[in-house]
Amino acid sequence: MKRISLFLAALLVAGCSAGSTASAPRDPNAITIGFSAEPANFDFTRTDGTAIPQALLYNVYEGLVKLDENGQVKPLLAESWRVSPDRLSYEFSLRANASFSNGSPFTADNVKFSIERVKTTWGISQKSKMDVVSRVEVLAPTKVRVTLSRPSNNWLFDMTTRVGAMFSPDGVADLPNNPVGTGPYDVAARNRGSSITLKANPRYWGPKPAYETVYLRYFKDSTALNNALLSNGIDVVSAVAAPDSMPQFENDTRFNVTQGITNGEVVLSFNGRKAPLNDVRVRRALTQGIDRRVLLDTAWAGRGELIGSMVPRTDPWYTDLTGVNAYNPENAKKLLAEAGQQNLNLRLRIPNLPYAVTSAQVVKSELNKIGVGVSIEPLDFPAVWLKSVFTEHDFDMSIIQHVEPRDITTFGNTKYYWGYDSPKVRRLLAEGDRGSPEQQVTAMREVAATLADDAAACWLFLFPNLIAAKKKVGGLPLNQISEAFDLTILRRAGS
Amino acid sequence: MTLAVRRSSSPSLWVGLGLVGLVVVTALASFLWTPHDPTLVDAAQRLRGPGTDYVFGTDKFGRDLFSQVMVGARTTLFVGVVAVGVAALIGTPLGVFAAMAPKWLGEFVMRVNDLVLAFPALLLAIVFGAVFGADTLTAMIAIGIASVPSFARIARSGALGVMSTEYVLAARSAGRSRTAIAVRHVLPNIAGLVIVQSSVSFAIAVLSEAALSFLGFGTRPPTPSWGRMLQESQELLAVEPRLALVPGVAIAIAVLGFNLLGDGLRDRYDPRLEVRR
Amino acid sequence: MTVQILRRALIFVVSALVASVAVFGLLAVLPGDPAQVALGVSATPELLAKTRQEFGIDRPLATQYFEWIGGVFSGDFGNSYVTREPIGPQLVDRLGVTMWLVGAGMLVALLIALPAGVFAAVRHRRASGSVISGLSQLGVAVPGFVAAIILVQVFAVQLRWLPAGGWTPPIVDPLDFLSGLLLPALSLGLVQGAVLTRYVRSSVIDVLREDYLRTARAKGLTPYRALLRHGLRNASVPVVTVLGLQLATLLIGAVVIERVFVIPGLGSMLLDAVSNRDLLTVQGIVLVLVLAVLLVNFVVDVLYTVLNPRLRQAS
């Protein structure tokens, strides 16, 4: 009985803890930013996906280094670092005045603790990025040396991602609910299903962020997200996922818009494990059969860039490869005939996400024109898509946005879902990682060109970074190429 | 008992028939001819306004809206036929059985029936979509199952009425089997009620498909469906309201048509009205 | 009458138990391994096995069912596979939000249907009555989410009078709460109001034909006064029944409306849980929704017994 009355009492105060969200715009020191994917919890060490680092990295958690919007590795908790001539050891000098939000100071011991914890405790795929580390030595409270088992250019870059986040031994007890980092913000409240509230961390070592309070609000529906800004409910749309609505913001004097790039390659992936897609002629035919300009113009309102391989413009080894396997429907038909595949029917199993659903319809229409039948099967994302396409490889083609920085390396992983197996690419990737930065650029260029020529996948377009915001918000990032939505660069307009 | 034919013409009936006829003719015509291929993407014709070439204009893929509406009518009818078919074919015999079976058994059947009623159509369709994969057929079978109870109830109460008439009592005393009575006397006499319920359920199925497609649990792209057209129109609503208007009006016509048809038929067939007015 | 009500209560309890088995059974066959989903893309087989054990999904189905339903009785719906947090408190919170929405939607529906239905009934032979009937037919034909999209476009995006979505609990800010509730409640209530108008109309027409009302009107009362004095109770019997059925419809209609308005209620929780294959959460939500419908039906049955004079006399 007591339980029942408690239950009733809880109901009557109805959703008291669920989502208080609307009061943000009245506070001049607060800003409300709308996102589409909500974090399931705050623990990116054990929960996969992009939503958690998007909210927490650089804002609540910091690493030794960070990635700026031009793709450069910049100091963060490390003031500087020295790489040994054999490129096997990295000596970092740390900031002396940084501390965690629970009061513990940040020292070299935390670096050792955090890096080793990735190898021992983390439960997500990215933990393998730390495999190359063989030893972490604390030289002094602000000096730490990391030794690698082989030279790796990727390692320092990877330290800008979530695996590089610094933790405190007394702050990891309840990571899913209570994140403790050194960043400029601290999680103040969370309303499942609607919002997260960040408050400025008074102990922060760096400059005070422009906004004292940040409300991160989540809208599963892209139109609802747009409408929230149009009706003055929020201040920023972090990523406009309905690109045809951009003119609504551009033609309204209340808003600023930016259009840059992300490192999200929207890929039409081929299942290279089985016939007929293990035949390079078929893959080339499919690639040449799709007019990617038409696809970008219709599916994504022409916003975004065409890419010919798995490299965004911000990577140092970018070259324009859109000419490789360019649109040529006549040649595509010829290639299919050569391969003896005139009556091809393929299953296009896609996540039920806006960009995939729209792109798939264009892919189908285009491939029908070269005589290839396509059946589109939208799968619930993430659960079903991850299970049947990504894990069980039950697909012919799929469409997914690959958002991890420098994910071109996945083509060296023969177990990855696209089942691409090229000894040449694997060798070049290893050479690039081991070699000098110049050698890396040369090797990676060749990797990109090989993938394009092999039609290892069909790169539909590079996802644009579309931000719409109230005029009062300044410092909006042009490009979005790190895993984080970096709140520290936001300014108040005119200041 | 004879079916009471109350009034030879009711405006609901004729308007309903007209609207439903429009949907049916459109759907049938789409098999023979559409002005354009409704799934063909054509960047050059993107977001064209209404004109002579494209009656309702084109969508963001450059696909002809009118052709999509035409083929969408097929989807709508398919949806209704499957859902109502499942519901009527299970529900009607079940209701008749419950009326003719021993009292305890009939009671039990109706209790189970009530239990199914507690699973709302949309909820069932979402769960079915999750279990068996989201597409039109799964959704409609779910909607159909959720509509079984209303058919069973109607059929049972109709059958109970028929069972107490003198000629059925006579037939029973003459030793006719229950099955024979059900087929010869009960089913023909409740047919009107079942048809009325079918029309109403059809409207509900059309609305449900629209809602499910809107949520992404319904018709798969690129098969034209009015519900999905609505969903796709959302981001352009402020700029191109016609993209939402066209499928919205189409849905309203179909639902209105089937509801009016149901009302009109009820006026003709429902014996209760005969007593009442 | 007491016997009647007790019988209904018994049926309710048995139905609820059977429904719980059905919900469990239906979701036990859901494809997608919860352990795989929780661990993400590169889970090792050992880690998977360990997680399955942690979730308890490696045990026989019957054991799982009894443990689950036993927990539900004490308000423990288990821990979510995705967030690994208890589901019960979330459910209560979300149900609270949805109940506000459904309650407000019902209020809108009644505010439309009662006056419109009575008016249409009293004037059912005149043009003005037919117009109301026609409008209600049209209202029934418009899907609720279409109404929602239009309302948002007009009142939030164009006029900017009301928020386009979101949720403020009443305690935090009553004004924000109300302004945020208005559009969703209208979207839900307009369509249901149209449905309800038709029932109110037909039951009022029935009552108007009764002898006692004819007598009352012969004595010089206007039709509205006559209805108010003598007819409302009788007209309310079928309306209450329909109202009960509509509560169930509203509860499910809220799923779609919550999506359009980004309201953190039971519906958005359900859709999220489905796309995450958060099986145990889906199970809990479906059970709560089905129980709510059963409970409403039970209450309607009881009210029907109490309100209906003929049934009262019979007992």
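Each chain gets a letter, A, B and C, in the order it is written, and its residues are counted from 1.
Here, a contact is a pair of C-beta atoms (placed from the backbone, for glycine too) under 8 Å apart; a residue touches a chain by one contact, two chains touch by 3 or more.
All values derive from a computational prediction rather than experimental measurement.
Enquirer: Counting C-beta pairs in contact, which two chains come out on top?
Expert: A-C
Enquirer: From the centre of subunit A, which other chain's Cα mean sits the farthest off?
Expert: Relative to subunit A, the chain whose C-alpha centre sits farthest away is B.
Enquirer: Grab the C-alpha centre of each chain and report whichever is closest to the global C-alpha centre.
Expert: Smallest offset from the overall C-alpha mean is found for C.
Enquirer: Distance-wise, how many Å sit between the C-alpha centres of subunit A and subunit C, to the nearest whole number?
Expert: 39
Enquirer: Can you work out the whole-Å distance between the CA centroids of subunit B and subunit C?
Expert: So the centroids are 22 Å from each other.
Enquirer: Taking each chain's centre as the mean position of its Cα atoms, how many Å separate subunit A from subunit B?
Expert: The separation of the two C-alpha centroids amounts to 44 Å.
Enquirer: Tell me, which residues of subunit A touch at least two other chains?
Expert: 352, 380
Enquirer: For subunit B, what residues touch not just one other chain but two or more?
Expert: 130, 234, 237-238
Enquirer: Subunit C: which residues touch two or more other chains?
Expert: Residues 31, 157, 259, 271, 274, 277 of subunit C touch two or more partner chains.
Enquirer: Touching residues of subunit B toward subunit A in the complex: what are they?
Expert: For this pair, the touching residues of subunit B are 39-41, 43, 46, 60-62, 130, 133-134, 216, 220-222, 234-239.
Enquirer: Given the complex with subunit C, which residues does subunit A contribute to the contact?
Expert: Its residues touching subunit C are 3, 7, 10-23, 40-41, 47-49, 123-125, 128, 176-177, 191-194, 217-221, 224, 227-228, 230-233, 352, 380-384, 386-388, 390-391.
Enquirer: Considering the complex alone, what residue numbers of subunit C touch subunit B?
Expert: 11, 15, 18-19, 22, 26-27, 29-31, 137-138, 140-146, 149, 153, 157-158, 206, 209, 248-249, 251-253, 255-256, 259, 270-271, 274, 277, 282, 286, 289-290, 293-294, 297
Enquirer: Show which residues of subunit B lie in contact with subunit C when the two form their complex.
Expert: Interface residues on subunit B, with respect to subunit C: 111, 114-115, 117-123, 126-127, 129-131, 203, 207, 210-211, 214-215, 230, 234, 237-238, 244, 248, 251-253, 255-256, 259-260, 276.
Enquirer: Tell me, which parts of subunit A touch subunit B in their complex?
Expert: Contacts found on subunit A: 222-223, 226, 242, 244-245, 247-248, 291, 293-294, 297-299, 301, 352, 357-358, 360-362, 364-366, 376-380.
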